[in-house]
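Each of the two complexes below includes chain A, the first together with chain B, the second together with chain C.
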Partner chain A sequence: MNGRAVANEFTKMRRLRVAPLVLIMVVGVVALTCVTFTAPGFLDSVDDPDARPWHWLLAGLALAVPLVSPILLAVLASRQVDMEHQGHGWLLNQVSGVTPGHLCRVKFLSMGALVAGATLAQSALVVALGRAVGISVDLPLGPWLGYTTAIIVVNLVLFALHLLVAARVPNQLVGLGLGVLGVFVTLAGTGMPLWSAHLLPPWGYYAVATPVDTDAGGVVALDPPYLSVLSLGIVGALVFLGVTRMFDRQET
Partner chain B sequence: MGAVRAEFLKLKRSLSLVVVIALPVMAVVTGVANTLFSGQQPADGWHTLWLRVVVFYGLFPLTVGLAVLASLVWRVEHQGGNWNALMGRQVSSLRVVLAKTVVLTALALALQVVLVGGVTVAGKVAFDLPGFLPPRYLLVSLVIVVACVPVVALQSALSMVMRSFAAPVAVALPGAVAGVFLLMAGPSALSMALPYGLVGRATQLGTGAFADGGGVGAASVILLITAALGLTAVVVAGATAVLERVDVR
Partner chain C sequence: MNSFGRAQHNESVSNAIITHDLGKTYGDRPIVRNLDLRVPEGCVYGFLGPNGSGKSTTMKMLLSLVRPTSGEVHIMGRRMQRSTRRSILGGIGSLIEAPPAYGHLTGHENMRLVQRLLGLDQGQVQRAVRTVRLQEHLDKRVRDYSLGMKQRLGIALALAREPRILILDEPTNGLDPAGIEEMRRLLRYLAEQGITVMVSSHLLGEIDRTAQVLGILGNGRLLFQGSREQLFSRSTPDVLIDTAEPERATTLAARWSAVREGHSVRVPGVDQAATARLVSHLVQGGVPVHGVRRQEQSLEDVFMDLTGGRGL
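The block that comes next holds the complex of A and B.
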């Protein structure tokens, strides 16, 4: 049943223009990260390990992801759920054996796979472009993979939140407004001490996951608390399952 | 005038006021919070506060906020049988497009008024800055509102064509990214030719950020206003031509 329901969601996505939206997310993040290439002296120091060109690029990625992702995740969740509100899809699915909570979980599985793939693609594309402009020093694989994994977790938790909001509130303004609010919370999180960014889930965790910082002396590698991001993922999953089970018990 | 009044009447039942208040207030709160957490007073008084609030606000949130407002203004036309009623209207397509643009410009003005009010209150209450916001930022605010006009005209056109509420907002975001990219790396003329780049430039006016020289000269103000009016004319003409060709559905 799950497999057919997921396949059905992918079929619905064709008319929702999900592919261009996911592409916008990837291109937006990569384009903003590429602004790093225009920094004075960056292209002259691609061979210098002391200049840490990959860390600069990672800093660019860590700035671009929270600026672009919250709004587009809100748009993706909104598009995916709005059709059920418009066409009485909740009732149709319920009489077909797919309860509202189940439908939300199916939507999360199908769109979540695309969100995770897009996040992975952003990271890989930035590495490929870094190589293309001639960065020859060793890629800091650990921080890069750690950040990519952490951002996949944060993006998925945020997407799940937007999915629940869109399912509960048919007015799309609320979901999109929350997305815009998220950009501000993320920005505020970057300027706060790390402990206080923990208090602003899930947006504050973009700042928690940031693996580099810049100061007057250049770029500094950090040791992000990945355990916090893992905790966010676990709590997010439990809340999502709990709320969608509640949807199952409510009348459509 | 009747078309504009009708649009304002439709606004009454939308949640546009929430956006108009929440968006600039969030920008001010974020700018103030970051300044407070840094543990420093605004080094250059009002200028630093303006810089901290408006530079980021102009790069992304303003564009996205205008896109949301445009979607809200057109939402009613896509519901029920309202689209067919619009197709059977007595006023010309140009007047419909202009009326929507005027209403959205009024909302952009309201956004800026709330922003200026918020910065003033934050400067006095949070940082006890002397005097009030310098008049040059009122002039900059006026330029920002004028620079918002081509953006709202373009977003209005997109919301007219797209029935989805969220899709035009999704278009605005890469538009804003392109605007930022052109501001930072592209030729100056190109950033003025893109509505999203133009509004970005207007919000940086007088701040010294990115391509801005830091001054508010007559030449740059006239250039920005001329570009905004020219872009608006082009977008409104295009939207009118599209509305002329669409039919009932």
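The block that comes next holds the complex of A and C.
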């Protein structure tokens, strides 16, 4: 049942401009990260381990991701759900054995896979471009993978939140408004002390996951609290399952 | 006790849908009360009631989309429950409140979704599409469909699973007369194929001649259930007496609440025995009675009577 329902979700993405949106998410992040290449002296020190070129690039990535992702995730979630409100799809699916909460979970699986893939692609493309401009220093694999995994988790939690809002509130302007608000919360989070960013889930966790810090011309590797991000993922999953269960029991 | 059990058994064989004391309350507002529906297999069952009388709510309870506050629903002899609902729903095609379909997809793509979800074969989909005569329009996007085409696609989506029961909530809503006539023909055709069709409407005229059995809902209560003929016989049409002296006849028949109407006298609510007494009373009083007849009653009048003049 799940496999068929997931396949249906991909059919339903036709003509919704999902591919361009996902592409914008990838290209936007990669392009913003590449601004790092234009920093004075960056391209001259691509083989100097002390200049830590990869860490600079990671800093660029950590700046670009929270700028681009929140709003696009809101738009993607809204696109997936709005058609159910418009086309009376909730009922159509329910009488075919897919309850509303189930439908939300299926949407999370299908579109969530694309979101995770896009996030992975962002990270991988930045590495590829780094190599292309000649960075020969060893890639700091741990921080890089750690950050990539962390933002996949944060992106998925945020996407799930937007799915729930879009499903609960038929007026999609509400979800999109929340997305815009999220951008500000995210930006505010990056300027905050770490503990207060913790209080703004899920947006604040883009800041929590930040793997490097730049100051006065230098870049230092941080030791981000991966446990916090893991907790966000677990709590997010539980809340999502709980709320979609509730949708299943709700009457139409 | 024994005979009751047997009766119930027989009932569940010949009735596709049975409800016992079905009720729904929102907050403290009862929306549907004490509903005992009997929808015989293979007929068109017209489910009538004014706006807000609870038709959609009832149909949603039949499909277990809304949980009843009280009572039971039995479909094809099986009690609708959490555990049975999935398999029961597999045998019911339905269209509730508005025709569903994704506007950005073509008719074909929409059919494909249901086909995949229910594991149907190509033949089933094609038959459903041909039954509603939509095969010419399958490659068009649904957002470019007319309302009539959307309704037909909605029915095709419901029919593809080859259901034994079809539950259609106001499928004629918004259709022009030709569209309504076509829908009627379709419903009759489906019933001929052995499908039990339960169809709701707030307009009696739309399903009056199509339905073999009528259920009339008013304020959440079942006011009548039975055939058209039974419906007529239930209410007593007015007696009209033609006479050369209507004035005197009206006075004489005052205790029957007679009213003068031109050259005749109208007497409401008298059955056959009372009519005989009334006529003999008039004749004894010397009134020249030229004719006694019953007012032709339209189904609309009966419906209005039953629903307290709120319908139609």
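Everything below uses one rule, namely that the second predicted complex is superposed on the first by the 251 of 252 C-alpha atoms of A that agree within 3 Å, B and C clash if a C-alpha of one lies under 4 Å from a C-alpha of the other, contacts with A are read in each partner's own complex, and residues count from 1 in each chain.
Convention: a contact is a pair of C-beta atoms (placed from the backbone, for glycine too) under 8 Å apart; a residue touches a chain by one contact, two chains touch by 3 or more.
Predicted model, so just to flag it, every value in this text is computed and none were measured.
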Chain B versus chain C as contact partner of A:Leu61, first or second or both or neither: neither
When both partners are placed on the shared chain, which of chain B and chain C touches more of chain A: B
First, second, both or neither for A:Ala5, with chain B first and chain C second: second
First, second, both or neither for A:Ala197, with chain B first and chain C second: neither
Partner chain in contact with A:Val98 - chain B first, chain C second, else both or neither: second
Partner chain in contact with A:His88 - chain B first, chain C second, else both or neither: second
Touching partner for A:Val153 - first (chain B), second (chain C), both, neither: neither
Set intersection of chain A contacts, chain C complex versus chain B complex: none
Chain A - residues contacting chain B, complex: 17, 21, 24, 27-28, 31-32, 34-35, 38, 67-68, 71-72, 74-75, 78-79, 82, 171-173, 175-177, 180-181, 183-184, 187-188, 190-193, 196
Interface residues, chain C side, partner chain A - complex: 60, 63, 65-67, 86, 89-90, 92, 94, 96-105, 109, 112-114, 116-119, 142, 157
Touch list for chain B against partner chain A, complex: 15, 18-19, 22-23, 26-27, 29-30, 33-34, 37-38, 56, 60-61, 64-65, 68, 71-72, 164-167, 169-170, 173-174, 177-178, 180-181, 184-185
Chain C-facing residues of chain A, complex: 1, 4-5, 7-8, 11-12, 14-16, 83, 86-89, 91-98, 251-252
